[in-house]
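The structure's right below; bear with me while I get my questions together.
Going in written order, the chains are labelled A, B, C, D, E and F, and every chain counts its residues from 1.
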Amino acid sequence: MSVTTATDHAETRSDRFERGLEVLTRIDGEAGRKVVDSLADISPELGHQVVAWAFGDIYDRPGLAPRDRQLVTLGMLTALGGCEPQLDVHINAALNVGLTCEEIVEALLHSAVYCGMPKALNATFVAKKVFSERGLLPGKK
Amino acid sequence: MSVTTATDHAETRSDRFERGLEVLTRIDGEAGRKVVDSLADISPELGHQVVAWAFGDIYDRPGLAPRDRQLVTLGMLTALGGCEPQLDVHINAALNVGLTCEEIVEALLHSAVYCGMPKALNATFVAKKVFSERGLLPGKK
Amino acid sequence: MSVTTATDHAETRSDRFERGLEVLTRIDGEAGRKVVDSLADISPELGHQVVAWAFGDIYDRPGLAPRDRQLVTLGMLTALGGCEPQLDVHINAALNVGLTCEEIVEALLHSAVYCGMPKALNATFVAKKVFSERGLLPGKK
Amino acid sequence: MSVTTATDHAETRSDRFERGLEVLTRIDGEAGRKVVDSLADISPELGHQVVAWAFGDIYDRPGLAPRDRQLVTLGMLTALGGCEPQLDVHINAALNVGLTCEEIVEALLHSAVYCGMPKALNATFVAKKVFSERGLLPGKK
Amino acid sequence: MSVTTATDHAETRSDRFERGLEVLTRIDGEAGRKVVDSLADISPELGHQVVAWAFGDIYDRPGLAPRDRQLVTLGMLTALGGCEPQLDVHINAALNVGLTCEEIVEALLHSAVYCGMPKALNATFVAKKVFSERGLLPGKK
Amino acid sequence: MSVTTATDHAETRSDRFERGLEVLTRIDGEAGRKVVDSLADISPELGHQVVAWAFGDIYDRPGLAPRDRQLVTLGMLTALGGCEPQLDVHINAALNVGLTCEEIVEALLHSAVYCGMPKALNATFVAKKVFSERGLLPGKK
């Protein structure tokens, strides 16, 4: 059992955090940082792991484009249920990495086939909130 | 409340089924047809709805590319849990519409962040089975 | 693979929508229409599918009485979790199609055996809200 | 906080078990007893609670007919996912208390709207197995 | 099939309720009683079962310490999703039976591995609320 | 936003893997290594993350004893559903870190209150398999 990679250089915990924070900020913008900040007084280690592991180690890997990762993520958060706060962050992230409003809405329509109407509706109403906050809702001129 | 589209022409139930069957066969190949065939003696109506609605009405819509739909679908099926038979069909479908083995494996690694390790592992072992059946597993020369 | 039914006549998209809207209004009353209306600016297609497919194609089939469909639906929404907005609509619908308050409360008690106490409690508190709004709560004279 | 009922007589643990066993046997037949028997060497207390509480205390309450309880139960087990062994027992139970094959298949078709196609398919294939074992599958003459 | 225990004495429904209420009050304090009280006008039987069965029959069994039961319960409520009200009650209960803030936060960090980041985050923010209400949050001097 | 710890020394990817492998082997024994080995040809990176992150970074933290982590884990895996392979590994792990058969069975009985009977049954039958394989089942002399 061996795992070899080209990048087996030594990193400190802070290095990994800094690397992840750059990714988090690029993808999620202020919303992602706010979640991590709000963990500072209750579980700084969970905040560290979101940044250093989820964004630094996993999200930033080259094997799947950020846009594609967000499509997978929208599918997962819709299917899990009860993850409206994370859908809010990740619908924003989806827009940040280049998915269009139309693609996001279509992905959530597609989710009705696999997750059922209730979860598709819950996710779509989060998209409505996010698009509205960003001035992207066609009906809200 | 009104919904207008360019394609508001009359279709019979059979028309919609035929349209969906063409999509299903294109995306899922024989595996999809086998699922529908195996419903014939227990719930032909469920088979009809999978074909006519899921594939004919939803999947074939132009707003999201088949490759992108499969990324969302892999995320959903991994998150739902207990959907290994559907993951089998849809990992095959993902390959059929142009996702690479590397992208699929990376999407399932990405799912560990949002769904946890157990569901990511379960989905990855379905990918191992599918890739092996298609002769795509690097270790199985 | 063939599916034949007695009703294989041609319908337009609008025909199916109108047919479904009649069912939706009969079952869910204003609450159902409000959900569809609130989708108009974000995902009119999801609104169309809720109406034309969920209510027009599936709900209205003769093989299971509306009252029985609502019992299945209450079970599903309780088990899924995080579907309180849909439970609100469907507890109202359950009353509209003839289930009594006592039967609904008993169904949710029954759900504790299969879904556990937390989900049974969450669903029961939605019933409390709905009954209260309709003046049906015994303790709210 | 007080709860009063007409039946506040003293019962031993064995009384409650015997009462539940009569209900379990009436509803689930041998399949239910087999589940309880298979718990005897690992968790007799879980077996006791299934019998005495789930069937003796809850299932047997008069507020909802057995047929209606099974409709709620089919909805819950389909929605939960991964409960195929329990669906097997409860599709048998549904037939035992008077639901027809057609109503069960229709309930599972209805579940596709709320739980999505994968869970509806998984439950329908359990129904196919059960109907086949009982010689009720139309295509299996 | 027989289940024998040392305590097979006769109890009335009220006896079981009283026994459970003592346990509920000891573990959950006022929060638990409030939940049961709020069920009085909608489903007194569900309130009875929470008290008499969940706390009287199961929680009070000697085979697992209250502290250990709360660890299992925190894991379950985090994994189920959408059970924030119950997490609130049970994070309070965890503190009441001797788990420290640090152990609770660590258990929720641990949950990220198995349930994914979104559910770990949702549960951790409930802990933040509970600790804050009890004056236990380090950052809230 | 800063996270400081006493152990901010530099580690390579291999260092973290080796550290995690020691923990994984101590807790899960051969079963854990087998899971990682079986990932080698499909997703070595997922294997790396299970070892280096889940076991090296999270499991080994001092804030919660291994025995307590396993209680949380049993609760989560039971609640998630469809995670029988992981329950197998972690019921073995629970025994390895000092939980008794009686405590494990009691924890799974306790889970019936929060997850419902079906998931409690599924998990208990995995325990039966594991105990039987280890010669720990009382009825299997």
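Here is the rule we use: a contact is a pair of C-beta atoms (placed from the backbone, for glycine too) under 8 Å apart; a residue touches a chain by one contact, two chains touch by 3 or more.
To keep track of the chains, here are their UniProt names: A, B, C, D, E, F = Carboxymuconolactone decarboxylase family protein.
None of these values were measured; they are calculated from a predicted model.
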Chains in simultaneous contact with chain B and chain F: A, C, D, E
Chain E and chain A - chains in contact with each: B, C, D, F
Remotest chain, chain C as reference, centres from CA atoms: F
Angle of rotation relating chain B to chain C [CA atoms, steps of 5 degrees]: 180
Most widely separated chain from chain E, with each centre as the mean of CA atoms: B
Comparison of A-D and A-F (more C-beta pairs in contact): A-F
Numbering shared by both copies at the chain F-chain D contact, with half separating same from different: different
Chain A and chain B, separation of their C-alpha mean positions in angstrom: 23
Distance from the mean Cα position of chain E to that of chain D, given in whole angstrom: 27
Centroid spacing, where centroids are CA-atom means, of chain B and chain E in whole angstrom: 40
Touching two or more other chains - residues of chain B: 40, 45, 49, 53-54, 58, 61, 76-77, 80-82, 86, 105, 109, 112-119
Complex contacts: residues of chain E adjacent to chain A: 81-82, 105, 108-109, 112, 116-122, 124-125, 127-128, 131, 137-140
Contacting residues of chain E [partner chain C, same complex]: 35, 38-43, 45-46, 49-50, 54, 76-77, 80-83, 85-86
Interfacial residue positions of chain A with respect to chain B in the complex: 53-54, 58-59, 61, 63-64, 68-69, 71-80, 86, 102-103, 105-107, 109-115
In the complex, chain D residues that touch chain E: 1, 3, 5, 7-15, 17, 21, 33, 36-37, 40, 44-45, 47-49, 53, 57-58, 61
Of all residues in chain D, those that touch chain A in their complex: 112-119
